[in-house]
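Two complexes come next, and they have one chain in common, subunit A, joined by subunit B in the first and subunit C in the second.
Entry: the complex of A and B
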């Protein structure tokens, strides 16, 4: 049985006097023990909302979330609290997610105190010390305040805090995107080593392809709150089948000067307004390879290869499909 | 000697007074930018990239001060100009895209008014209708859908990515010869980032302008810039053609940055430590504490910029005591 099973997750944000934002639309995925699933997609595609739904910081409109076979949405108070210890989160902005008035040691201890209120002070202090060391901080740093730490050290505190309850799953919401490259590399290495040591599972939210290919085993590509393509890292990154995934990957700029950037697969225009979801395929309005049936047929995930799913009805897409598109029906392609 | 470069920065020193001492943010920085050339400036947070750019635009304000150097634009020294003169040059000849787009927009004027004011201040009287037409064209060029609606709105109604594009459009509206952009695409999604970079590249190469681009994204530099300036602790530590520097780094810091990019299956090589305080510049090389190549001399003598890889293409300079062949040999091991 997978560690986490999510089925049909759906969430709209109702706003008084304005149209509802359809942030997450019928999303399903699984995460195995010791596995990293990367959730990639552009800003506003619903990545953080999915993370918050899993942690039950938000209530879904529809769908189910099961952790080791337990239906999380049916849990109330004390059972929910116990379950929360198994699922933790690390946020993007390390400083903003740490209470500036608390000492590092108390910040890290807090989730454990909630989870195991009867634990003795000595045991608690010992666990804090061990966890700080595991993320590469000095035990002495327990006495300091977050303000006095560098960005990378603050993020290590965030990771220590997430790990202290020995969770099975950690949601990592862009944990390195505000950090320098050198510091990012240190954090990724720690996350990788912790996974190996404890068999942790990660939901890794990111829009940076180089970190995704370093950390992820499987990838789900999100667009307008919907998974467009999902599969093993190699399949999705090396052999993407959806025009959106292909454009997203082509937009990635490789620091290796011997790799030329792709200029052929670019999408025109912007992500549509999530208050009005398109009919049929969500990509239709921006898609250079669209055909009429893309709009009339319902959009579903189809099996394309081993554990590899995609929505595009024209998949598999070849270079010729794109070349034909660039001289004919490309919608509003910018010059 | 060849004909003069459009921009020639020579030995610029800029300091900030702080309660703990003088911060040497820009420490004898020299570089140049030619017409049709995109020059990238890279380095970790706090290395003095923004301070360098502000110094050459006459935008350093107390407690900061430019104390030495020349900034020649078409042979004219900007640092010798009065405030009024330099304000005229910024806009007419130099378009500036600041790191924080919201700080660059006026919160109380409609967007159209801001375009109108810029055009009027530099070109004299101009009808609202004609400035509107130009603004619409420029907003369209930077990929803003529905530019008319944006012009009649205010800055706070824009998302970060939209605000960034409005600021880029404002910087380009007077057709400057030199475009200076501080992290212009950091807030943008990858597919939009490519549209903006393509536009900037067209402006630079096809229309014969120069572009100075500060970024932490080595992929952007690798795929778009012609030359690169690597900064560390307020100084230039390496310059040269991107194709040369990225393929054969001569400075241990450049090598460390390139190796920090995570890659599947390779252990990330991390640069330990962090940028030293710019208040007490060390007696030797500022990178020595983090450098795996350091020899005794590195802690005693401050290295000067010197030529590197003399047989390579373009002018190549490095600030390091160790022979560049040795550094490159280490890079090659990784491939």
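Entry: the complex of A and C
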């Protein structure tokens, strides 16, 4: 049984006087013990919302979330709080996620004070010290305030806070995107080592493919709050089957990620308005390789290879398909 | 025990560093403290509550430094003695307002229809001129010192609530509050450990402003004959007596208690300014 099972997760944000924003649309995935699933997508694709829904920091409109067989959505608030020892989060903004009036030691100790209130003060202090050292901080930094630390150190504090209750699942919401490149590498290495040491499962939310290929075992590509394609890292990155994934990878300039060298793999236009979802395939309005049936057939994830799923009904897509497309029916390019 | 000692020492150190960075706070606090000590302990040349009917409306002299009023009270003795009554009253009223208003403001920042309703109720309440409302209530409830404190509460509790609520509402959206929820903190714990320490600074600055206003409210109340009753000394009462004499050129009766009010208000405002500056520097 997987550690986490998510089925049909859906969330829209009602805004007074305006149309609701459909942020997450029928998203399903699983995460195994010790596994990292990367959620990638552009900003506005609903990645962070999914992270918050999983932790019930936001309430989903529909769907089920099971962690270690427990239905999270059925839990009442006190049982949910108890469950939080097992699921933790590291946020994108290291400084903003730390209370400026609390010392590092108190910030890291808080989850233990909540979940193991009977623990003695010496034990607590010892656990805080050990956890700080595990994320590469000195024990005497427990006395400092967050503002006195560098961005990388602040993020280590955030990681220490997430880890001290020994959770099973950690949601990493773009943990390195606001850090310098050199610091990014250190943080990723720590996350990787911690996973090995404790058998942690990660939901790694990112738009940065180079960090994804370092950390992830499996990848899910998100577009308009919907998973376009999902599968093992190699399959999705080396052999992407969805036009959106292909365009995303082609747009990414990194020598480490080898993609078929086709510069013509571009989508037309911008992400459509998430208040009105397109019928059929969400990509139809922007897709250069579309056919008429894209709009009429229901858009579902199909098995394309071992554990590899995608929505495009034309998959597998070849180079010829794209070349044909750039000559003829690319939407928006004729005008 | 040693832990407690360490904490007090730390608070003391922090206090000293605050004074060093914002000397205005130190100046204001020193003036208030000096006025309080003088009010309680300074030996007075004449009794502040027993008039000398043979020496009315004497101008300032070596015998009566600030002169005497139309009843023969020594203005100097009364101006000093009034500090022992007006200042503690203002401070108690203000601290009670903060004590009630800050937690209520935090509670009113939680999501829910009732918190909106409380704020709308407050709107209705605050649409009255509050000082006039306070005077009316004190008049109706009787001329007692406790009622002066209640008047200060009526004016200040809604202000504290509003201020703290608006700060708390923006805090609620911040990442570290979400992080606190994510580690399993109860709503009460979030308010106590995470929101309160982050609003206490603005609340403190507001406390000093409110104390300055409370001096004014007390003066206004006793000027109108509510609150401190004669022959007990109060700055407002003295100003009221003095106003009658000012047309005949006997300026000293009204000027000295007026100056005392001015100095007390300025001192509290200095503290408030210093605290506000510190808040802004910390951001």
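One rule holds in what follows: the second predicted complex is superposed on the first by the 325 of 335 C-alpha atoms of A that agree within 3 Å, B and C clash if a C-alpha of one lies under 4 Å from a C-alpha of the other, contacts with A are read in each partner's own complex, and residues count from 1 in each chain.
Keep this in mind: a contact is a pair of C-beta atoms (placed from the backbone, for glycine too) under 8 Å apart; a residue touches a chain by one contact, two chains touch by 3 or more.
Just so you know, these numbers come straight off a predicted model, no measurement behind them.
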Overlay on subunit A: subunit C relative to subunit B, clash or fit: fit
Touched partner set for A:138, first subunit B, second subunit C, both or neither: neither
Subunit B versus subunit C as contact partner of A:42, first or second or both or neither: first
Three-chain overlay, vertex subunit A: subunit B-subunit C angle, C-alpha, nearest 10 degrees: 80
Subunit B versus subunit C as contact partner of A:269, first or second or both or neither: first
Three-chain overlay, closest Cα atoms of subunit B and subunit C, distance in Å: 14
Shared subunit A contacts, counted only where both subunit B and subunit C touch the same residue: none
Complex interface listing, subunit A residues touching subunit C: 55, 57, 81-82, 84-85, 88-89, 91, 93, 96-102, 110-111, 114-115, 158, 161, 165
Subunit A residues within the subunit B interface of the complex: 42-43, 150-152, 180-186, 188-189, 207, 210-211, 213-215, 233, 247-248, 251-258, 260-261, 266-267, 269-271, 334
List of subunit C residues in touch with subunit A within their complex: 174-176, 178-186, 189, 193-194, 197-198
Residue ranges of subunit B in contact with subunit A within the complex: 44-45, 143, 145, 159, 161, 189-195, 216-224, 242-243, 246-247, 256-258, 260-264, 267-272, 274
